[in-house]
Amino acid sequence: MNREAEGGAGARDRILARIREANGSRETVEHPGTLPAGLEPPVAYGGQRPDPVDALEDRLSAAGGRVVRLSGPDSARRWLEEFAQEFASVSICEGVPELLCPSLPNAQPEQAGLGVSMAVGAAAQTGSLLLSSTEGRRSQLLPPTHLVWVRAQDVHATLGAALEARMGDLPAALALHSGPSKSADIGRIIVTGVHGPGRLVAAVLEESGDW
Amino acid sequence: MKVSLFVTCIGDRFYAEASADAVRLLRSLDVEVDFPMGQTCCGQPAWNSGHLPEARRMAEHTLAVLKDAEYVVLPSGSCAAMLRCTYPHLLGRRELSDRSYELAQFIVDILGVHELGRGLEGRRLAYHHGCHALRELGVREQPEQLLRSGGAELVPWEMDQECCGFGGLFSVKTPEVSTAMADRKLDTLPAAETIVSADGGCLLQLESRARYRGLNLEFRSLASTLWEARRGSP
Amino acid sequence: MEVHSRDYAKRARAILRDTPGVREAVTAATRSFDDHRRSAFAELDGEALRDWAEGVKSHALTHLDRYLEQAESRLMERGAHVHWAETAEDVHRILRELVEREGVRRAVKAKSMLSEEVGVNPLLEAEGVEVFETDLGEYIIQLLGEPPSHIVGPAIHRSLEDTQALFSERLGTATDASPEELAGAARGILREAFLAADLGISGGNFLVAETGSIALIENEGNIRMSTSLPRVHVALVGIEKILPRLADLSTFLQVTSKSATGQPVGTFVSIIQGPGGSRGGEPDGPEELHVVLVDNGRTRLLADPEAWEALRCVRCGACLNICPVYRQTGGHAYGYVYSGPIGAVISPGLVSLEETFPLPFASSLCGACAEVCPVRIPIPHLLHTWRERAVEQGLTEGTARSLMKGWSRAATHPRLFDWIERAMAVLPDGISRRLPMLRDWTRGRSLPRATGPTFREIWKDGIE
C-alpha cells in the first residue's frame, strides 16, 4: 500500500469523518450531467471554419503557434527537410515514425535546437495538441522549438472528445500544448519561450494511412 | 395612480430639492404623490455593516409606515434595492418589495413613459450607474433612455458601471481606498459638464472628493435632471 | 503563512501612500485580464455554463468523501503515494520526511497558492533545501521576499521598471534590459535549477476522482518541467479540488482559463495520473509521485452552513480582476495569501474570523464579483454573512456599534429622526469634522453640504 501510514491513516480517517459530519445534514446536489452540446464553447475561431483541422489551425495560430498542413508522405518529407535546415541538432521522442524524423544529428534534449514529438490527439476547440509522457517528456519541453506531428484523423472538435479518446489509455502524464511558452509577468509585456519551447509548430498529416 | 414617496435619509437631508423635483415630476405625469411623515431610514447602513437586529427594526418601521402604499417610489437605486431585494431576506416576507421602485424604473416600467420632454437639449451628461440599481435591481436602460429622450447627450464613460467607492461605512473605515476609487471614476471622466446619478450616496462621495480636489464639476440627481427634461418641454 | 489581515486598513493606506505605482500596475493588469475574460465569454452562453459549473462543484462537495476515496484508489493503483494532511504542520512533517529520506538538496516549485498557505518555502529552507520558484512572477516576488499579490499573476503589482531594477541588482542584467532579456536571465538560472533539482513541488487545479488525475494549468511550461524533470514530484492538493469525472475536467479547464485570462485554455495543461520513469514504465518523468491531500481548515469551511459554497472556488482570479477595491491596492493589503473578494470570504473560514476580521468589510459590496464568478459563489452574500458574525462576536469597533444602535433608535422615532436631520444643517463645520465618522470622511473629502431645509420641511410648506 502506498497510503502513507505513519500518522497519515489517522489523518485520513479524521478528515473523511469531518467531511461526512459537515455534509451530514446538507442536501446533496445532483451532478448536472454531461455538458449539453449547446453550452460547449465554440469550436470554430470567430465563428468561421468549423472543420476541426481548420479550427485547430485558427486557434493555434491565434495563440502564437504555427500550423503546417501536409497532404502526404512526400510533401511531409520535403517540408521537413527544408524546415530542419535552420537547426543544428534534434531530440526526438520515442514513437515518432522514421519517415517523420529530420536528418539532423541527435542531441540531448537540453542541448538540442529542435524537439520532435507525435501528438496522441488534438482538440480544435482549444487549439490543443495532446502529448503523452510515454514518448518521453524532455524532448517536448526543453528544446527551444517544438515540432509536433498530428494526424488529421486524431483532431477532435472538442477538448472533451479528445480527452475521452485517451480515457482508456492514460499515461503517467498527458499534456496539452496550445501555443508557445509565454509569460506577461514582467510589466504585462508578453514574452515567449520563458521556460518551455518559444516556438510551437504543428504539422498536420492530412492523408490518413500509415506514416 | 397613487404613489408613496420614500425620500430616504440622504434624500431628506442632502437632496431635499431633488426629492421635491421627484414629486413635481411624478405629479406632472398625473401621479398622485403622498409622503407618509413617519418614514425615516430604510436600514441599509445597518444591514451593510452587519447589524441585523438594527436593520430589521428599521425595516419593520419602514414597512409599517408604508403599509398602505399602492406603490413606493424612491429617488435612490440603493434604497430601492434594499426594499425590493433585501427586505424579503431580512424579514422573511415580501409585502412591500414587489411594490417598490426606483424613480426611473417606475416611470419607464410601470407608467410606461419613455419620453419626458426635451428640456435637456444640448446638455452633455455623464451617467453614473449606482451598483445596487445596476446589479440588484437590474436598472440600466431606464435612466439612460429618459435622459436621452430629454435631448441630452450621454458621454461614453468606460467606468460608468464601476463602483464610486462609497459603500456606507466602507467609506470611513478605509477612506484612502474609498477615495482612490472615486478618483478612478473622476480621472476617467470624459468631457462632460454634469455627472448624474440616481444615488445620493454616490453623488455625495463623488462630489465631496471632486470638491476636495478642486475639480470644477457639477453633480446632479437623476430626479432633478429628469424634472429638467420634463419642465423644459412645451 | 502568517496572517496580517487585521491591519488591512493600515496596509492599504501605506500601499496607496508609499507605492502609488502599485495602484496603477494592478489596475492596468486586472482591467486587461477582465477585458480578455469578457471577450472570451462573449462567444458563449456564459450564464448557463456557470449554472452547470456550479452544479458540478456543488455535487462534488456534497459527495466529497466518496470522491476523495475514489481519487486516492486510482492514484495508488498507478503507484502514487497518497498522504493526508490535516494541518500545515502535517504538510511540513510529510515534506521533512521526504527531504530526509530522499536526500533532497534542491527543489523547483511551480506556482501553488496552497504551498504559500501552508508555508512550504520557509520549511524547506530550514531543512537546508535550496528552493526555486519557477513561475516568472513567483520568481520575481521570491527575490523580493514578498507574498503573491494576485492568484494568477503574483507580480502584477510590479512594473517593468521595478523588475529591471530588481534583476539589475540581483542578476546583473542591464538597467534598461528588455522584458525578453530579463526573462532570458531568469530562464538561464531556472533552467539549471530544473535540471539539477531532486524535488518538484506543484499544486493542483483539479483532482479528477474517476481517473485520479491531477490537472494543472499554466502558460510558461514551468509546471510541466517541475512535474517532469526532478526525480520526485510532490503535488499539494486542497481536498476541495475534486471533480467527479474526466468529462467534467475538459469544461473546467476551459471555464477556468477563460475566466482567468480569456484564453481558450492555458498554454500548457498537465494531466497527471502517476509516477513516470522506470516506476511508470516510461522513458523519463519522476520516479515518485506524492500527492498530499490537504485539509488545513477546509473541512471547517465545509461545515459552515453558509460559507461552504466558497469551496467551489477554482482560483481563476476573475473576482479580483473586476473588484474596484482590490484594484486600488493589489493583494498585499489583505495580509493573507488569498486576497480580493474571494480571499475576504474564504480566509475567515480557513483561518478564523478573529484573525482575518476586517477582510469581510474590505468591500463596498458593489456586487461585481458575483457577476463574474464561474461557479456562482455568492460572494456579496457571504461578505454579509461574515459581517453579521463579526458584529455578533463583538469584533467590530464600539463606535460603529453605538452609531448603528443610535441610528436605529432615531430611525424608529420619526420626530427624533427629523430633529437630527435638521440639526445637521446648523452644525458648524468645525464640529462636524471632529465627529467620529465625519473625521474619517474628511480625510481626502470635503464635508457634504447639508444646508437649507430638509425635504420634510419643504413638503410641509407645500411643493409647487
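Note that the chains take the letters A, B and C in the order they are written out, and that residue 1 is the start of every chain.
One rule holds in what follows: a residue touches a chain if its C-beta (ideal position, glycine included) is under 8 Å from a C-beta of that chain, and two chains touch if they have at least 3 such contacts.
Here the structure is a predicted model, which is why all the values come from computation and not from measurement.
Report which interface contains more C-beta contacts, comparing A-C against B-C.
A-C
By CA centroids, point me to the most central chain in this structure.
Centroid comparison flags C as closest.
If you take the mean of the Cα atoms for each chain, which one ends up farthest from chain C?
Comparing chain centres, B lies farthest from chain C.
So how far apart, in whole Å, are chain A and chain B when each is placed at the average of its C-alpha atoms?
Taking the average C-alpha coordinate of chain A and of chain B, the gap between them is 52 Å.
Could you work out how far the Cα centre of chain A sits from that of chain C, in whole Å?
Chain centres of chain A and chain C, defined by C-alpha means, are spaced 28 Å apart.
Measure off the straight-line distance from the CA centroid of chain B to the CA centroid of chain C, and report it in whole Å.
34
List, in ascending order, every residue of chain C touching at least 2 other chains.
none
Touching chain B in the complex: which residues of chain C?
8-9, 12-13, 16-17, 23, 27, 324-325, 327-329, 333, 358, 360-368, 370-371, 384, 386-391, 396, 400-401, 404-405, 407-408, 410-412, 414, 417, 421, 424-425, 437-438, 440-441, 443-450, 452-459, 463-464
Taking the complex as given, what residues does chain A use to touch chain C?
On the chain A side, the touching residues are 1-4, 7-8, 11-12, 14-16, 18-23, 26-32, 34-36, 38-39, 41-42, 47, 59, 63, 94, 110, 125-128, 133-138, 140-141, 158-160, 162-164, 167, 170-189, 191, 193-197.
Please give the residue numbers of chain B that touch chain C in the complex, ascending.
7, 9, 11-17, 19-20, 23-24, 35, 37-41, 43, 45-55, 57-58, 61, 131-132, 135-136, 162-163, 165-167, 169-182, 184, 204-205, 207-209, 211-212
Can you list the residues on chain C that touch chain A in the complex?
25, 28-29, 32, 43-45, 48-49, 51-52, 55-56, 58-59, 61-65, 68-69, 72, 75-76, 78-86, 90, 93-94, 134-137, 140, 153-156, 158-161, 163, 179-180, 182-183, 186-187, 190-191, 194-195, 211, 213, 219-222, 224-225, 227-229, 239, 244, 246-247, 249-251, 253-254, 258, 263-276, 280, 282-285, 289, 293, 295, 299-300, 302-303, 305, 308
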